[in-house]
Amino acid sequence: MDFACNFPFFSIMLLMFTGIISMIAGPRPAKILSLAALGISTVLSALLIAYINQTGESFIYMMGHFPAPFGNEISAGMFEAVMAFGICGVAFLSLWGNGASTKTDIPEKKRNLYYIMMDMLMASLLVLIYTNDIFTAYVFVELNTIAACAIVMSKPGGETIAATIRYLIMSLLGSGLFLLGISLIYALTGHLLMPNMHEIIIELVHNSNYTLPLIVIVGLFGVSMAIKSALFPFHSWLPDAHGSATTASSAVLSGLVLKGYIILLIKLFFRVFSLDILKEFHISDVLLVLGLLGMIMGSVKAIKETNIKRMIAYSSVAQIGYIFMGIGMDITIGLVAAVFQILVHMVTKPMLFTAAGGLINVSGHKKDFESLQGSAWKDPLAGVSFIVGSLSMIGIPLFAGFIVKYYLAAAAFDTSKNTLIILAVLVLSTVLNALYYVPAISKIYHRDEASKFNWQDVLRTIGAVGDFPYQASLIIFIILNIILGTCSGPVFQALEMGLDMLG
Amino acid sequence: MGENLFTNYYEAASVILFGVGFTCLLLSKNLIKKFIGLNIMDTAIYLFLTAKGYIAGRVPLMDADSVRDPELYINPLPSGLVLTGIVVSVSVTAFSLALVLKLYQTYHTLDLDEVLTKAKKEEE
Amino acid sequence: MGLICILLPIIGGIWLLYKKRQTYFVRLVLLLHVLLTGILLFLPDTSWVVWKLTDQLNIVLKTDGLSRIFLAMVSLIWLVVSVYAQDYLEHDENPIRFFAFYLLTLGGLTGLCLAGNFMTLYLFFEAMSLLSVPLVLHTMTREAVAAALKYLIYSIAGASMALIGFFILLHYGSIEFAAGGTLSAAVISEHRDILLAGALFTVVGFGTKAGIFPMHSWLPTAHPVAPAPASAVLSGVITKAGIFAVIRVVYYQFGVELIAGSWVQYVWIILSLISVLMGSTLAFKEQILKKRLAYSSVSQLSYILFGLGTLTPTGFVGAVLHVVCHSVIKNGLFLGAGAVIHQTHKTKVRELDGIGKVMPVTMTCFTICALALVGIPPSGGFVSKWNLIAGSLESGLGLISWLGPVILLVSAVLTAGYLLGISVQAFITGKDKNGAAAGQEVSGRMRNSQMLLAFLAVVLGVFSGPLISYLETIAGGLF
């Protein structure tokens, strides 16, 4: 075992210990420790990607003293490494960039607790990505839920607590169903490690034994993860939670937490049940339909919103719909497209939330569009990032969103499901996205006829508003988006390789 | 199918219990009752899981040192899983009750609908 | 080489945003652009991959006959209108922003003309739509903002519809442009339905930019509300971008074989005929001058779409000829209308009695362009309509091939009514009244540019021979 194989374990442990140590630290040290841990994890994940690229295969890492099938395992391949890199990197940028607004929103005494919760959240996300054992997944799903709820409610005020309770209830419902699924699959296969379960399931399907319980299990896994990742119609908790939380929390929740559950679902579908077996169960049909509905309904609801953060949150519902549409297509290339959308959304949504946070800050901390008019002139960098994010979401070429649509459409032709409907909904969602992003941009750039306009002033303001982390993180997000939009070839190949290794 | 239900009465009971908990969760207005409902749902799943470990005619494993014959004992793994689950459930319940307390302090009501209306008004 | 032509206006536009005065800069950039495109026109056909977005999607620039025509038209007209705009915007509070986006839109349009495959076409189409929005927004009044939003959303809706065609072509054929189409006969026979659906979506989608019914309602809202030079290029040139895209996709990708005789062709022709008639009728009743010209655009552009829809060489020639003629003419008309509004601040037609007395040059140019549009021989309008009608009769579509020419002729009568009516009012009726006597003739630049365009309108008609034969060569490769 090369040294690099320890990296997943290191990242997880590092984040957990940082969380524990931060309990005795003040707010500033806690933040620095968090950022350091996240930074180191990002670097480790990058090194891991390089390592796996070199060896060309995934590896299994034993946790504890008992080998499979009795012990616990971590499995790391290209897919897991890329996802981990994305998650740690985006978390770092979100926390770093929004440091100022975190300072204003969260009282000083509680701030180190906030960073502890972030560390725990990141650690549990990494476990969900890397684990090979389904019960470990359950435990860390619960940890994820608690930490996510904690970062929502950390901003004082009744609104956040009400939102947290709704989120908590829905999440716990999802967890309960997940545990039920685990119990059933354990009863059927007698194993908790995914590769071992897979062997038994192949046998069972081959002999046509226990088909109904298997369908129920897949359904339970699908529904529980759908509830937790806000697939329509289980999305009602999302706008409240993401809309009322502080900016860093919204960015992390929308960009990362939702994805953690979807990544777990993809692993379950791919590694425990392979895609061929899944096709016979028709659960993916349900996911496809719900994904298509989510794409439309998410955007329709966003059009009516007057609060910028809630509008962006509803947009997340629509984007998650894309991912489930990709998963629902039941073919590998569809899954790769879905994973690519995960990456793109991971990079775009936190940028939108950070930009929105910046715009809200220069408008007297008001979130509705009436108060935000003209804010993009006061904070030009936020305005530009908002435009880049919106263009990406709408699907203008040269930005990442267009490439996602291209890959999903290309996959749509190979699937056995109805191609024309998928294409039509894909295109319809483009227009619907435009219907709320374009008026939003027009409002934030609104100016009275009378006011004088001077480009030199605008350019000078760019450097003046917001501190360096905020500006740097926005610029890095923009660059990442454009890179994914123009040089997506290598990334896509890496993901294809990753999904090959996953099975 | 009827016989199956009868033989697997633990599982059947657990599903009924799950339904009870779910109904309680859906239909109660009081927040604490909702969380009680959630707890009942969790307990139902633990019952289900424990029942999966049971093998008729055998005893639980009490003492790891005096194991003579694995054939004598039930499957201990689900019991371990349930223990973990109970810990998770307890911590989550503690967290949720703390939230409910905070909510009560802010809004002086335990009714979720009223809370949401008040929160919306506050926003405006 | 093509890349320089695209980048020059884009960089120019961005640079302009940093400067305080724009007078010589804009003209310099545009002159350079005309020169460079001129050189490009005489170079042989080339193709160049600029960037690979993914394995299958490239950004490719290509020159061929069709792109040469459109490029020449865009470049020249852009220069002429900029001269006019110099004076028109003299007292405007924000000329820099206008000229900056003017240049940027030119960059987008150049890229569009030079697009070598569907991906590049789509990229520059969207870019151009986005970049032209500030031109509509310029005055920043409430209506301008609302109109700009409507324009943008219709543009995106249209482009999205075309996207369906893009995905279908990507899968079943190739996205490269090849004269005559890229779909093999085998593919056509197997997947006919989905290919046809894709073709229809693409035509209506790109046709949105050209005001095809039912996606036309943004045109009369957006074109009048922009400042006159912007209305001119919006109506005269940017709408042609939609037509260019339709030509590229239909003739160079889907191919005539697929669509000829199918239900898609019928729907296409019917929609364009409806727009022709509807545009003319609404223009006839419309009192606001710029809006009347906008409705006229809807009508005339659908003439072109009709000609393209006949899927015959003659129809094609007539259509592209009309593209060039209408571009010159409509620009002339809008510049004239702009001159009138600039001097008298009167926007309604009935207020224009006797304006011909005080603004003779403007109104003469206006009348010349109007006559050319109606189709009085030997103007360009006449030649193109002749070809369109011939193409329609050739197309063998049964009832439609007779109905088409009838509707075109009816519309021509209406066109005469709504355009010449203005001229009559300006010169003849008003001799006794003194209604709009206030105002004086426009000054040098505005006057010269209008005269140039009117002159071109006549020239295109009288000397249309070379252009027609060039078009016939292009058409030869497509059928």
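Just so it is clear, A, B and C label the chains in written order, and each chain counts residues from 1 on its own.
The rule is short, and it goes like this: a residue touches a chain if its C-beta (ideal position, glycine included) is under 8 Å from a C-beta of that chain, and two chains touch if they have at least 3 such contacts.
In this text, all values refer to a predicted model and were calculated from it rather than measured experimentally.
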#### Entry: Chain located farthest away, centre of chain B as origin (C-alpha)
C
### Message
Quick check for you: compute each chain's CA centroid and the global CA centroid, then name the chain with the smallest gap between them.
### Response
A
### Task
Report, in whole Å, the distance between the mean C-alpha point of chain A and the mean C-alpha point of chain C.
44
### Query
Roughly how many whole angstrom separate the Cα centroids of chain A and chain B?
28
### Message
So the centre of each chain is just the mean of its C-alpha atoms; given that, what is the distance between chain B and chain C in Å?
### Response
68
### Message
Help me check something: in the complex, which residues belonging to chain A touch chain B?
### Response
135, 138-139, 142, 145-146, 149-150, 153, 157-159, 161-166, 168-169, 172-173, 176, 179-180, 182-183, 186-187, 192, 307
### Query
For chain B, which residues count as touching chain A in their complex?
18, 25, 31, 34-35, 38, 41-42, 45, 48-49, 52, 77-78, 81, 84-85, 88, 91-92, 95-96, 99-100, 102-103, 106-107, 112, 115-116, 118-119, 122-123
### Task
Could you pull out which chain C residues touch chain A in their complex?
17-18, 51-57, 93-94, 96-97, 119, 122-123, 126-127, 130, 139-141, 145, 148-149, 152-153, 156-157, 160-161, 163-164, 167-168, 170-171, 194, 197
### Query
If you look only at chain A, which of its residues touch chain C in the complex?
391, 394-398, 403, 405-407, 409-410, 412-413, 419-420, 423-424, 427-428, 430-431, 434-435, 438-439, 442, 446-449, 452-453, 455-456, 459, 485-489, 492
